[in-house]
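First chain written, first letter: the chains are A, B, C and D, and each begins at residue 1.
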Amino acid sequence: MQVSFETCNNTLIIKLNGELDHHSSSYVRDSIDDEILAKNPKNIIFDMSRLNFMDSSGIGVIIGRYKFIASNGGKVGIVSMKPQIKRIYEICGLKRIIPSFDNKKTAIEKL
Amino acid sequence: MQVSFETCNNTLIIKLNGELDHHSSSYVRDSIDDEILAKNPKNIIFDMSRLNFMDSSGIGVIIGRYKFIASNGGKVGIVSMKPQIKRIYEICGLKRIIPSFDNKKTAIEKL
Amino acid sequence: MKIDNEMKLEFLSKSQNESFARSVVAAFAAQLDPTIEEISEIKTAVSEAVTNAIIHGYEYEQGYVTIVCRIIDNTVEVEITDKGKGIEDIEKARQPLYTSRPELERSGMGFTVMETFMDHVSIISELGKGTTVIMKKSFKRD
Amino acid sequence: MKIDNEMKLEFLSKSQNESFARSVVAAFAAQLDPTIEEISEIKTAVSEAVTNAIIHGYEYEQGYVTIVCRIIDNTVEVEITDKGKGIEDIEKARQPLYTSRPELERSGMGFTVMETFMDHVSIISELGKGTTVIMKKSFKRD
């Protein structure tokens, strides 16, 4: 599992590459939290174009970051989910709190 | 595992696609023997460009066909082995009785 | 009911074995020629149950997780067992959003995911003895 | 010697499980970050031993094949066991080209392949009780 970052104005883009499960979740969580602490972004976008697997442990990671960002008045979006991941996102009700976009450009514009 | 055939003059080209182990060996053996019976080729060439795995059960299949073809005065060649398969071919001493070629054209010319 | 194929896998309750376990079940189920979507459904359900065994069953202590997998006609049956802590109230545990470990950022959606992706999910558990989750999925082919 | 990770796989002696078994061992060994070449060596060695259990051990009767896999430091240890017929003369069985089943077009090269691809191969066998093949391979990094 790899995590990389990109900043665009006040938005932090978090690229997830690999498989996000309970095993990789602590590494992913720590990487993201360090970056948020360092860059203090308003909004965050999860770029999932290279995420090949995610289960409900991954949903826990996303909700955790969402709570922090939302409590500071920021917004969270997700882009480029593969079908399996989109289904987990829908089943777990993430859809109601975090919008999904087809690509980064629309996400940054519409967030 | 898939087996397909091509004939070029008196040479039967046998294309192996998939994994040749003990499980697939009976299917591969039967397909080849039926084709040899139908076409009565002088020589045969195994095209291994799409063979992804082979163990010593595959060596047994090749030697079996070699014995039949050689007993009728024909020749056998192998083309396009992947590295793992080339090593099995060398370890099992097939090198001494069946020549290997880089491609079909050279094999047909040089056999 | 004739069992067409069967395997049993036992492994240490280490989190790095979560991806190993789901790949093994997927490789075994492959003999039923599932679609890519069906394979990722099984993988996800197995990942949920194995993760639960490691986190909730053994609470990160070392133990063995066992997976029994059977193919019967066009159905795959997966049984995932731990000899850990057990579940006190199974009905409550199955509820969406319920988690006993919110401090670990668990979403409480594990059982809901298993139930959505598999045709059948049942749970057998005894406090102090352990838990078995039994899941079934049929592949209907015309 | 601390065992870093361990798994045990049991499956029916059906030939379709040969590819399943070698994939499982490869997936487990993946945690040592082997090269593609090392992975195909392990897969081939496992395929040989599992095939022998099915053909020679159980002689195509139904039985269970067991694989135990351990990671200790940078070494993978694989034990493949059948409770079949057993080997009368282990030394003879190991010889290149020796096969007791030439009518099945066996090449007699199975043990030679295992020995070439693994660092260590030992065989424990008792007539009428079964056979265990123990193989080890270390991954040396720079």
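Throughout what follows, contacts are C-beta pairs under 8 Å (C-beta built on N, C-alpha and C of every residue); 3 or more make two chains touch, one makes a residue touch a chain.
All values derive from a computational prediction rather than experimental measurement.
Chemist: Let me check something: if the centre of a chain is the mean of its CA atoms, which chain is farthest from subunit C?
Modeler: B
Chemist: Where the CA atoms of subunit B average out and where those of subunit C average out, how many Å apart are those spots?
Modeler: 43
Chemist: From the mean C-alpha coordinate of subunit A to that of subunit C, what's the distance rounded to whole Å?
Modeler: Comparing mean C-alpha positions, subunit C is 26 Å from subunit A.
Chemist: How many angstrom lie between the centres of subunit C and subunit D, each centre taken as the mean Cα position?
Modeler: Each chain's C-alpha centroid was found; their separation is 28 Å.
Chemist: Of all residues in subunit D, which are in touch with two or more distinct other chains?
Modeler: 16
Chemist: Can you work out from the touch definition every pair of chains that touches here?
Modeler: Here the touching pairs of chains are A-C, B-D, C-D.
Chemist: Could you list, by residue number, the parts of subunit A that touch subunit C in their complex?
Modeler: So the residues of subunit A in touch with subunit C come to 19, 21-23, 25, 29, 53, 55-57, 59-61, 63-64, 83-84, 87-88, 91-93.
Chemist: Which stretch or stretches of subunit C touch subunit D in the complex?
Modeler: Those in contact with subunit D are residues 5-12, 14, 16-17, 20, 23-24, 27-28, 30-31.
Chemist: Touching subunit B in the complex: which residues of subunit D?
Modeler: Per the touch definition, subunit D meets subunit B at residues 15-16, 18-19, 37, 40-41, 43-44, 47-48, 51, 54-55, 96, 104-107, 109-110, 112-113, 116.
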